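Let me give you the structure first, and then I'll get to my questions.
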Amino acid sequence: MVFDDRPNRTMTLHLLVWRQPNGQTHGKMVPYTAEGISPDMSFLEMLDVVNEGLIRKGEEPIAFDSDCREGICGSCALVVNGRAHGPDGGTTVCQLHMRRFQNGDTIAIEPWRARAFPVIKDLVVDRSAFDRIIAAGGYTSISVGGAPDANTTLIPKDTVEAAMDAAACIACGACVAQCKNASAALFTGAKISQLALLPQGAAERRRRALRMVRQMDAEGFGSCSWEGQCEAVCPKGIKITNIAKMVREYNRAATTGETS
Amino acid sequence: MGLEYATETKPHVMAPALWEEAPDSRLEARLPSGPLEQKWDRRKFDNRLIAPANRRRHTVIVVGTGLAGASAAAALGEQGYNVLAFFIHDSPRRAHSIAAQGGINAAKNYRNDGDSVYRLFYDTIKGGDYRAREANVYRLAQLSVNIIDQCVAQGVPFAREYGGMLETRSFGGAQVERTFYARGQTGQQLLLGAYQSMMRQVQLGTVTLHPRREMLDLVVVDGQARGIVVRNLLSGQIERYAGHAVLLCTGGYGTAYYLSTNAINSNVTAAWRAHKRGAFFANPCFTQIHPTCIPVSGEHQSKLTLMSESLRNNGRIWVPKKPGDRRPPDEIPEGERDYYLERKYPSFGNLVPRDVASRNAKEVCDEGRGVGESGLAVYLDFKDDISRLGKDVIRARYGNLFEMYERITGEDPYSTPMRIYPAIHYTMGGLWVDYNLMSTIPGLFVLGEANFSDHGANRLGASALMQGLADGYFIAPYTVADYLASARLPEVSPDAEPFRAAAAVVQARIDQLLGVRGDRTAHEIHRELGRVLWDHVGMSRSDAGLRRALTEISQLRQEFWERVIVPGSPDNQNQTLEYAGRVADYLEFAEVLTLDALHRRESCGGHFREESQTPEGEALRDDDHFTYVAAWEFTGVGAPPVLHREALEFEYAHPTQRSYK
Amino acid sequence: MATPSRTVSKSVLAPPAPPTQRRPYTSSVAPTRSYFNTSIGTKVLIGATGLLLFGYLILHLLGNLLVFLGPETFNSYSHLLIKNPLIVPVEIGLGAIFLVHIYKAVTNFIANRRARPVRYHRTAWTGRPSRKSLASSTMIFSGIIILVFVLIHLVQFKYGPEYVVAQGSSEAGVRDLYRLELEVFGNILNVVFYAFCMLVVGSHLWHGIASAFDSLGADHPRFTPLLLRVAKVVAAVIALGFMAIPFWVFFFARQGAVS
């Protein structure tokens, strides 16, 4: 395979990276220099280059989560210069490219910060709180077998599009990371909203809203202050109208004496 | 059977006979009798059952939580089995199934355009170039219908028409509109449906999640798969788990090529370690190259990004007629452009199957007509359809893809043609399984992309999601139950000797990786392995190239074990260690991949042997000699594997040479 | 070769352990909170009390603007209020609303701070479509300032000097709040203090009005964007309306009264 190298376009960047050996010890911001960075690299590829250098020196590389590197798995989770997923809106940090930066820039890289997302190592955090919120009720309680024909229930196109808007969530946690209250309202609201919009999910909408909100609170997330920073950093552009919908769903459930 | 792991450090010379032939194949596909359309029903009826009250006492280990794993865990949990689900990610929802963009096929015939179960079956067999089992494929086509129903009931927001009915589109050259989709995020939505169903079972207590665990060995007790050894990726602890059956749902091996559309953590390790324990590896040379990916921009590239194949519905592929033409695309007049797919394949045009499109792209680039700075790209031009349908229609269809392209390349595809190039995308090969999805190790089931699957030598677009979910929701629950009901399964403890021995082997390998303390990173060596495989075991393969690859692979493996450097400790999260372990397995696996490609001296599907082509340069199958599944038995690292053949019989879909002219 | 110290085993064939041990992912352990202690219930209370206080503020402003019509109108209006038998229960209610608003806002603020125990090294505002503003990020501070202001304001006016003026049919005369205003706002320090506090009130409302509706779940694809704009106009009008009084007194009314 032929790779084209364009040596003249490379940049040098000054990184400030959060290093923390594990959840039990304190961490700190550590400076690194990233040299020979091509503008065509993705942000994570830039970190790969830094890590390769560290490994060659026998030092522990910077731990960070990433997987698909195409913006859909939701693994990558970096706060870049105070902004979850970096300066570009509507994208994950794996899709952020270095052409967005200038030679000589200083870049601060931090993990998601929330009580509900404890740091595991360096830039890796534990987001299992999201899984527990889903486990509390983020599904339709139907089992395999016996589902009616898919066209039995007609769903208006607009409704299904709205549901898809909410369903696009990748559970990266940027909403929590950016929110001044570390609130998971956008994540939880999106799932409640998606399933409440669809006739298939409507049957247990009340129970779902009660249980998911209860779990969200138990995980130690903050509340919503309607600043919409979550929406601004959401890689999938999920709107805070989903939070209002969650409030309505929850209130409806709470006022109709629904239990469990 | 080689269980020796200690040979890796010894450089070895390939044996004079590269592989051995099994004197008599012990592969038993266990196909049901009777007419094609009744086979699955018969099997379901013949299967033994387990009474609901007894299911809880059966522990099923599921490794991987992609479409196949999550759906199997959910379905088995719903029935009441005690399911243990293991995955390397922090959440089951991050499995790479999530990245599938295009859609999922189903023979619903909602369009009244002539689709049927039989047609989907036929298209899949033909698309797979007659290297898949008829009975399996027919079952897949039958179940496709149920999958859509199931997913809609889960709340998957498939695209709909204004009337409220489900929308479908034509995909990847299909002549019927049978592909259901949820914007460009079908895989994500289907995975979330399966994930949510599984989380419901987690809540109900039937499924237990084991996040951030990497399976590093399979434990075989008295010839039966009875457990796994995993590394806790956070604490570094080696953990042992026992159960009554093990389901491997760990995906394909595309990242052997270093650059692929797979996620960077996708790996062959679980499948490979099972292979080392006796599970045969089938048809590894059947790899699929996806024609529409964003080209490589430099050495730093960590992965390739796929652009949905659906783009070919509205885009036209071309290169300049003149080699070395470096003009920008808008300065190349219409007359000097070569719309080579439309020219060569008038009836399918830009919608030829993936392997044909990919190989043609390589061909024109080899002729020096490639575009972009690297010369390794062709244009995918939307100009005609933008002027015919309007920018808004194109935006509605591909808006997010265009945005993604622009973000990665810095170019606007509305005004300048996209540059695309093929990349490894999917692997049809995998662990050999019988009709019940059980491998050659009793009790080890393999689902989804990890098995050698129903796609033969080439997979149709929008069929991977279908297969993963069919295996998980609708097949494994029946066949695993049958196994649990009919096999003798004495209680075993994870403290039993075979578990301790397997854990010791795992620990030894980890210590070995950390002990080399060399000067080369696993990434570097992986990148070199990828280059060897891409050059010689990629889109076009030759005897000489494959032999060269074998030598280079074994040299790289030697270099790896002499020079790799893995800093850090094994006692906490160590991503370098995880990665190095996977590369080590790829360096072993690459050999059987290459050998399989070498032994199959025909071209079929995704496997193109330069020695076997028509005068016009099209793939030429050799049905007389190669109508079989090649299943490889492990005999030791570097030692010649044993080739077992499972003959394929075609009673319904009679092989014809593919032609897309 | 084996290193048992690093090896643990999990028996999965043994009888199932209690749910909390066995299933860290199960969320059934989440306790049920009373509605008003949930994150949503808390915000509903803050929003609802906030809207009631906002309603009160509008009435208060409309009443106060009567000062421009001269002492007689203003004093008869205040007399009407003071002598109304409903005033005490209304004041108690208002106080209760105010206290609930403060209590929930403060506990909510503390809980929200706890949700992020380690702060960021560097922070940035995201820009659109975020509504974050100086006003939205200082709600707790503007709230505290308003609380202090309200206390001072009550001391200065409600519990201030009881000037009486003969007016109309009332034999005992009525409380001359007009004169009190002239006195208080005759002092430039008071004028500056009140003006500053009214800016703070405006800031609180700038974010508070629209988000109170959101906190109640009132959201509409067409009306919410409109509300977001109108709320800011209303916030500005209220702040400027209140602010107009001390300035008017200081620069115009006082001179008129003295001469």
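By letter and in written order, the chains are A, B and C; residue numbering begins at 1 in each of them.
Simple rule for what comes next: contacts are C-beta pairs under 8 Å (C-beta built on N, C-alpha and C of every residue); 3 or more make two chains touch, one makes a residue touch a chain.
Keep in mind that this is a model prediction, so the values were computed, not measured.
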Per Cα centroids, the chain farthest from chain C: B
Closest chain to the centre of mass proxy, which here is the mean CA position: A
Between chain A and chain B, centroid-to-centroid distance (C-alpha), Å: 27
Interchain centroid distance [CA atoms averaged], chain A/chain C, Å: 32
Intercentroid distance (Cα basis), chain C paired with chain B, Å: 58
Sequence positions of chain A contacting 2 or more other chains: 128, 131, 135-136
Set of chain C residues in contact with two or more other chains: 24-27
Multi-partner residues of chain B (at least 2 other chains): 199, 202-203, 209
Residues of chain A that touch chain B when the two form their complex: 1-6, 21-22, 38, 40-42, 44-46, 48-49, 52, 54-56, 58-61, 63, 65-75, 88, 90-91, 95, 97, 99, 120-121, 124, 126-128, 130-131, 134-144, 147-151, 153-157, 160-161, 163-164, 167-168, 170-171, 194-195, 198, 200-201
Chain A residues touching chain C - in the complex, by the definition given at the top: 16, 18, 29, 79, 81-83, 89, 108, 110, 113-116, 119, 128, 131-133, 135-136, 178, 180-183, 185, 211, 213-218, 220-229, 231-233, 240-241, 243-248, 250-251, 254
Residue ranges of chain B in contact with chain A within the complex: 71, 74-75, 78, 89-96, 98-99, 108, 110, 146, 148-166, 182-183, 185, 188-189, 192, 195-197, 199-200, 202-203, 209, 211, 234, 259, 261, 263-265, 296-303, 305-306, 373-376, 403-404, 407-408, 410, 473-474, 477, 517, 519, 521, 523-524, 531, 534-535, 565-568, 572-576
In the complex, chain C residues that touch chain A: 24-27, 29-33, 35, 38-44, 108, 111-112, 114-132, 136-137, 139, 207, 210-211, 214-219, 221, 224
